[in-house]
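Chain nomenclature is as follows: A, B, C, D, E and F, assigned in order of appearance, with residue numbering initiated at 1 for each chain independently.
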Amino acid sequence: MRNKIITFGEMMMRLSPPNFQRFEQAHSLEVIFGGCESNVAVALANWGLYAAHITRFPANPLGNSALQFLQRQGLDTCFIQLKGERLGLYFLENGVAMRSGRIVYDRYRSAFAEIEVGSFDWEQIFEGATWFHWSGITPALSQNCAEECKRALAVAQKKNLFISADIYYRSNLWKYGKRPSEVMPELVQYCDLVLANEQNMEEIFGIGIENVENSFLISCKKMKEKFPQISKIVDTERISISASHNQIRAKLFNGTDLFITDYQDIDPIVDRIGGGDAFMAGLIYGLSTYKDDQKALDFGICASALKHTIEGDANLISVAEVENLVRGDHSGRLRR
Amino acid sequence: MRNKIITFGEMMMRLSPPNFQRFEQAHSLEVIFGGCESNVAVALANWGLYAAHITRFPANPLGNSALQFLQRQGLDTCFIQLKGERLGLYFLENGVAMRSGRIVYDRYRSAFAEIEVGSFDWEQIFEGATWFHWSGITPALSQNCAEECKRALAVAQKKNLFISADIYYRSNLWKYGKRPSEVMPELVQYCDLVLANEQNMEEIFGIGIENVENSFLISCKKMKEKFPQISKIVDTERISISASHNQIRAKLFNGTDLFITDYQDIDPIVDRIGGGDAFMAGLIYGLSTYKDDQKALDFGICASALKHTIEGDANLISVAEVENLVRGDHSGRLRR
Amino acid sequence: MRNKIITFGEMMMRLSPPNFQRFEQAHSLEVIFGGCESNVAVALANWGLYAAHITRFPANPLGNSALQFLQRQGLDTCFIQLKGERLGLYFLENGVAMRSGRIVYDRYRSAFAEIEVGSFDWEQIFEGATWFHWSGITPALSQNCAEECKRALAVAQKKNLFISADIYYRSNLWKYGKRPSEVMPELVQYCDLVLANEQNMEEIFGIGIENVENSFLISCKKMKEKFPQISKIVDTERISISASHNQIRAKLFNGTDLFITDYQDIDPIVDRIGGGDAFMAGLIYGLSTYKDDQKALDFGICASALKHTIEGDANLISVAEVENLVRGDHSGRLRR
Amino acid sequence: MRNKIITFGEMMMRLSPPNFQRFEQAHSLEVIFGGCESNVAVALANWGLYAAHITRFPANPLGNSALQFLQRQGLDTCFIQLKGERLGLYFLENGVAMRSGRIVYDRYRSAFAEIEVGSFDWEQIFEGATWFHWSGITPALSQNCAEECKRALAVAQKKNLFISADIYYRSNLWKYGKRPSEVMPELVQYCDLVLANEQNMEEIFGIGIENVENSFLISCKKMKEKFPQISKIVDTERISISASHNQIRAKLFNGTDLFITDYQDIDPIVDRIGGGDAFMAGLIYGLSTYKDDQKALDFGICASALKHTIEGDANLISVAEVENLVRGDHSGRLRR
Amino acid sequence: MRNKIITFGEMMMRLSPPNFQRFEQAHSLEVIFGGCESNVAVALANWGLYAAHITRFPANPLGNSALQFLQRQGLDTCFIQLKGERLGLYFLENGVAMRSGRIVYDRYRSAFAEIEVGSFDWEQIFEGATWFHWSGITPALSQNCAEECKRALAVAQKKNLFISADIYYRSNLWKYGKRPSEVMPELVQYCDLVLANEQNMEEIFGIGIENVENSFLISCKKMKEKFPQISKIVDTERISISASHNQIRAKLFNGTDLFITDYQDIDPIVDRIGGGDAFMAGLIYGLSTYKDDQKALDFGICASALKHTIEGDANLISVAEVENLVRGDHSGRLRR
Amino acid sequence: MRNKIITFGEMMMRLSPPNFQRFEQAHSLEVIFGGCESNVAVALANWGLYAAHITRFPANPLGNSALQFLQRQGLDTCFIQLKGERLGLYFLENGVAMRSGRIVYDRYRSAFAEIEVGSFDWEQIFEGATWFHWSGITPALSQNCAEECKRALAVAQKKNLFISADIYYRSNLWKYGKRPSEVMPELVQYCDLVLANEQNMEEIFGIGIENVENSFLISCKKMKEKFPQISKIVDTERISISASHNQIRAKLFNGTDLFITDYQDIDPIVDRIGGGDAFMAGLIYGLSTYKDDQKALDFGICASALKHTIEGDANLISVAEVENLVRGDHSGRLRR
């Protein structure tokens, strides 16, 4: 049976100066759309899976542009709502060499952040679906987002979907009065797969970090005890030689074993935004396709590495290209 | 003595698709900065007058870019505050032929809209100044903006500045609970010169429109009775043959006489945003320079017409170019 | 019941120099996709109707880009085939003032031209559909295209779809050995609505032109005698003052009466490609919506006029914008 | 026998802001090459005549780019010298509507202005040539340029070339100490055809203007008396409705008769630089081809009109396009 | 005596997305022209040698643009034919980091592929020429191309030209029914210098590869036995660390000795298309200039390395720049 | 007390092809402004110091653009003169990999080079100032520039400003008849801090280089003997692996000790122009802020390294970004 993946979260308009310009130098900004969860859906649709993204855009030309972006990528957009005041925005300045990139978020009171609880008919949305993916950004945006997230999770679990979460934590996102530790545990208990590192597990769930070599493994085991529903915990590691040159690898704990990939060397980086989402999409694809944790993890990290060569949040890489890299060919030889 | 003009109001980042693209076609947006009041200050500084603009931008790279835009134009920016959450934005799609342009405002809770009452030290700001210009947009943005506007006006009057106002009225701007008729009369009573048409005077001040040929004159006389401080009322008229071809003229009532300019024919229009502000700047320049209402009005309408040939809100036209048009030369002959 | 429109024909990649450059000046070419029939479908989908386009693209990145273009516009693309050697191309140089635009076609042996007879399952495609639109370009491309067209028409008629055709005739398109007069009559007999002028009717169907004022009406009556299935014949007239300034109007003969619209004045023209297709889409929308020939015709010509202000073949204009022009507002005033 | 045309003069790099930007708004400048005389040669080469341009460029990458520009257009460039300090430059800001364009020249001490007298081997250059064209700009640049011009003219006359001159006069060009009236008469005496208006003839040759309707004719007759070698005097007239809309016509006096063309209406103008040179090229082409003054003049004015639709100094229009306009077709209809 | 080089083959329009965009992201495509053999001629003309390219372009604006590209570079283009249906195209997507570039060829039934046998007057073309260069692409395009190639070779040999061939082999190019092994041997027997690697020699000429270290040398010796006319066999080796970082070196067998260059490290690569052609051009230049195989080979590999820093197929590098790299200076220090 | 820095020198318009294009490929040139001394002022103003630049621009649109560039960066521009014939220009082609960048200067007889001696009122300019920075370019431009430089230095010393000089030496700059050794010693005697390497000290001041390891130190000591006013001598070293990859470090001799920084690795380089000026600005900032030679030197070299990641001559980097690199973080991690 073909997998049917549902993702839920905000997608923003991204505005970025061309080339390596700083914001203060820019006379035009390039327009791209992206969001942590929709990036996952776009990659999966691109790879031939059925993917539907659930969100809300304002009923104005900007919202319409956002909708068309997702339609173009072949997603099912029939549950997307066109309503509300404004489209979430973010401004991105790319880094290069030792100069860091910068992001200015401007998503305050966006159409998505202001959804009413009960806005979405999750029974209908999850009809026939096999996988639900969400991230820790959504409950950070507003009380309503957090509650709608919980509604979704309850229905997803009831309907036996596999549930994955990117436990994404940026403390300056949480502005409506709640802390992640108050909100996230209740949501994470529904999850089968979680992307998180030791710091996240400590800050959100109070799982102390052991200063030993296999600290990730120890944290994972404690995490699994706390959230028995979780069957897999994954993470990526990034060695940042410069903004233009990174090395990444991934780890997966499946309750018993810890799998680790080789490092992928990325030089130069074209656009690192969405690299984590590409990993998650690759992992979902891999787990759906191979039924082999190591293979899935390899597919994930190679998908992520290749994403760094694509301008924009979305991962416009083919399965064949990822598989080629999994086989070890990073020669970049011209295909005629 | 050299005139010293102070303007007060929000300046936004303007994002517009290049050429005649619609929003949905845009892959990049051109970045320009503009605002009703700062456009006036920019034109005046460009013409050699001392002009200072008073506003607030967020302390982030976008606010910094806005500040640098004003510095570049030679304005005094020393009273501009860098504080607050976000920069006001507006998205502009240019019209062409019979297709209308579109604007999507995104200025909600901008740094300027959220200024605290008492933020600005008007005694210091108005030191040595001769003219204060504001518009009806500012009191529409928030209660605080309205109150700060009143504070400014009281000090300006006390210090004997000449006060001009663009009684700008877009009903969908007023979102914080007050109607213009509750707020504007108190502010307009300080003014010496007002830009308004019959509809504005009716909607905001309850001055009924007479359906006769000289309705503007009649409304002006009633307006002057109601607000005895006002010495001049001005207005522009626009015949819109298409989005690419307009004809404009201006009127001025000085308490006794009504002056009217010839129509200026503009074909094609490059960018009509800021056309009204260019008229106001031209009028201020003209009144400051010529001490002749007809000449000042002619300078104003010609400055406005030339603005339509400039991309962006700001009027980058020289005094000599305006004067040349005032003399009737619209040949556009190449200057070598 | 919501209308469901099916269109069938080739969509090409269009490559055109930016601004008013000639081909020999171009260092880059802008990429847009368009085709006579898909342009109709795109406009109708844009206006909220269900529209599916039937075609074939090569299974390469260029074909994929073409497919994504249609997905983006919200069309149903599930019957589009990805197969064959090459994507049809056309190179467009825009005209301006008295300089004509130029087109270089490069559609020889495209994936669509080389479809096999029987490639498409018309029974399935027309399931639930209400309208089928095709044009005279398709049977001109290859013997197979002509035959597949006939297969489609037979099924469409059987399933009681309303059938419209743009009897498009460019003699240099017919290169595979047949003349339009040998092929078109058999196809046109299935049609309910035909877009054609007197010259087309003479050249293709041998209907002599009377040199009298109402020659169109006379040709239409003869045409209807010859093809009794036809209930409406429509045409547009274009006065070409220059490449930048045209006036257009439309005519419709419904078997009894002749309806004519006012002229729409278009100055300047941004892009006239697809103007006829926009008329056809507008007419289909109008006939589906208003059940009033004059209103439908007005909607059609106004949709066409507005298309001339949009870069690209596709008509990205809203129903409200067309209706506004139908009401006579060509002022192009800014909408805030 | 095929005509072989030699032109002599400076070609500059032209730097202009894109679209309708003012210099102060420009972040990039478009690079084009042009010069009064080379523009004539480029048009003639484009129309299939043999044309060689004689000039000097500096032996640096900018000079090399200039040379490649001429090679691309198919000119014979074998006599061009690569030597000297700097390439002449000019900065052009395009006008639009009633706003005038502006030019900033920066040709001071260019490689061409600093040629040594005797630099060019005119005996060899004129071998087999039939026509020599020069302009009044060259003797304005430097004493050496004026003297080399005279050397060329003497050889050209000796070898029986037909000699044409554009008596171009901009007083601010003459900076080396001589006035045109001291230099030009000696050069003009060699000419067979001169482009000049009454003002030029008065300012340079002291031929008083009669304030009567046929003042041009009277001036021409006096001019011919003074310079008996001259067989034809031509001129163009321009009605400048705005920078975007001009009307032009041309006049030719052949010693007996005065020929005048109809006005050509140009709206919108893409680029008017080189319009006069396109006229001269068209006239040379016409005189070479038709042996009919009226036909040649019509070809000239239509070539000039079409030039206004081309970005850049060079006239990239085909003979067929000019002839089509001569026949009265200014419809700008698309050619497929 | 100055060398006079003749090259023969197809030149295509190349269309590529800007920066590192994928095809599906592109809204414009950059236009460049290139072909295996014309690239060699362009480089040689750029270095001051006399070079003429022989090909056919369609007589349309695209063919005209192709012609002007070659004229600009200073080639003799007088034997190029303007005739036929379409210009060969190829679409290039650049690779970066571990992502491979992609090429989509669209050269089917191009004007060049459809030349008639006997189209070119080789006696006249080779008059005074010293060197003829062709490649294995030409006989792959069509039967006629293969036969015309043979006609050229026979005349070239008769007239004692030095003949070089790039034994270029892409199996998917051969579509007209013949295999390279049926066609190439007859052509290669005329050659003095061949660019080929062991795989080419095996696949085309059946020369088995020995799995030993000096396999190239062994293959060369066998090749020379089979084709006694061949005096030199050359090859390049490429270590592809990624699409952005390559190392290249070259080998030359002169019948007795094997010469090998050092590796050139290229990081980052701007555009690797034409790298092999740049090597061939460098080798031809080197052999013509130095009469020293090692020096010629060094010049070739350094020319090739520098080509990778130039956008486009053509090698716009000076002799001095190549010589500087041959001397070992890869510092890239700014030249003021 | 806040430092107030005065810089004096020419600022030019810089014109450069986009991306990695060569001059001959460029169809547009990017416009940026820069000069050795103004680059220092721009960086310091950007970092919050008071900086005024002293120069002359022509009173034309190009001069006006140059002025606005400096205003935008927040400099005090009130002493800049608008007068003279032309703006100095330079054309820059960026290098990449082993291909060197190229500069073509075109500053001959610029407005600045032609200043009259006594043009600037140094008493007024230096009022309240603490630091004066100049470079060896200014006395190279013209006799008048050299003399005005001396006038400035005398007043600066009298008013107790700290004086720094970049002893910049390019022999081809000195064209007016004097050699640096005739002019520079008299100017350098006023200086407190000098940027120079051993070669400069030998060529300009005749200080012989000892071929020993600590040759810089030995030269410095001799230099200090010769110019007792000098308290610090600084220099930077650059290892140029390629045009895209450099390593830089700095040295400072304070009369007693020699300080050396670590190497900063820069890969890839976006724009190396202004790297030395960024070092000087960083050093001035550091010395003003830290009163610690090593810290100041570290700030300088890190500011310089970061400059290489910014397009344009100006260093648009924040103090926090430099400090972050000083602390050793070259990871380039994204800042959200």
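The rule is short, and it goes like this: a contact is a pair of C-beta atoms (placed from the backbone, for glycine too) under 8 Å apart; a residue touches a chain by one contact, two chains touch by 3 or more.
All of these numbers come straight from a predicted model, not from anything done at the bench.
Trainee: Which chains, if any, touch chain A and chain D both?
Mentor: Looking at chain D and chain A together, the chains touching each of them are B, C, E, F.
Trainee: What are the chains that chain A and chain E both touch?
Mentor: Common neighbours, chain A/chain E: C, F.
Trainee: Quick check on chain E against chain F: do more than half of the interface residue numbers occur in both copies, making it same, or fewer, making it different?
Mentor: different
Trainee: Please identify which of B-F, C-E or C-D repeats the interface of A-E; the criterion is that more than half of the contact pairs agree.
Mentor: Going through B-F, C-E or C-D one by one, only C-D repeats the A-E interface.
Trainee: Could you pull out the chain whose C-alpha mean position is farthest off from that of chain F?
Mentor: When every chain centre is compared against chain F, the largest gap points to C.
Trainee: Between chain B and chain D, tell me the centre distance in angstrom, where each centre is the average of that chain's C-alpha atoms.
Mentor: Chain centroid spacing, chain B to chain D, equals 46 Å.
Trainee: Report the inter-chain centroid distance for chain C and chain F in whole angstrom, where each centroid is the mean of the CA atoms.
Mentor: Computed value for the inter-centroid distance: 63 Å.
Trainee: Find every residue in chain F that makes contact with two or more other chains and list them.
Mentor: As it turns out, chain F has residues touching two or more other chains at 22, 24, 27, 68, 102, 268.
Trainee: What chain pairs are in touch here?
Mentor: Here the touching chain pairs work out to A-B, A-C, A-E, A-F, B-C, B-D, B-F, C-D, C-E, D-E, D-F, E-F.
Trainee: Enumerate the contact residues on chain E facing chain A in the complex.
Mentor: Residue positions touching the partner: 19-22, 24-25, 95-103, 105, 170, 172, 240-245, 268, 272-273.
Trainee: Which residues of chain B touch chain A in their complex?
Mentor: Listed in rising order, the residues of chain B that touch chain A are 15, 18, 22-24, 26-31, 60-62, 64-65, 68, 85-86, 89, 91, 93, 102, 104, 106, 108-109.
Trainee: Which residues, counting only chain B, touch chain F once they are in their complex?
Mentor: Answer in residue numbers: 68-69, 71-74.
Trainee: Of all residues in chain A, which touch chain E in the complex?
Mentor: Listed in rising order, the residues of chain A that touch chain E are 264, 266-270, 305-306, 308-312, 316-317, 321, 324-325, 330-336.
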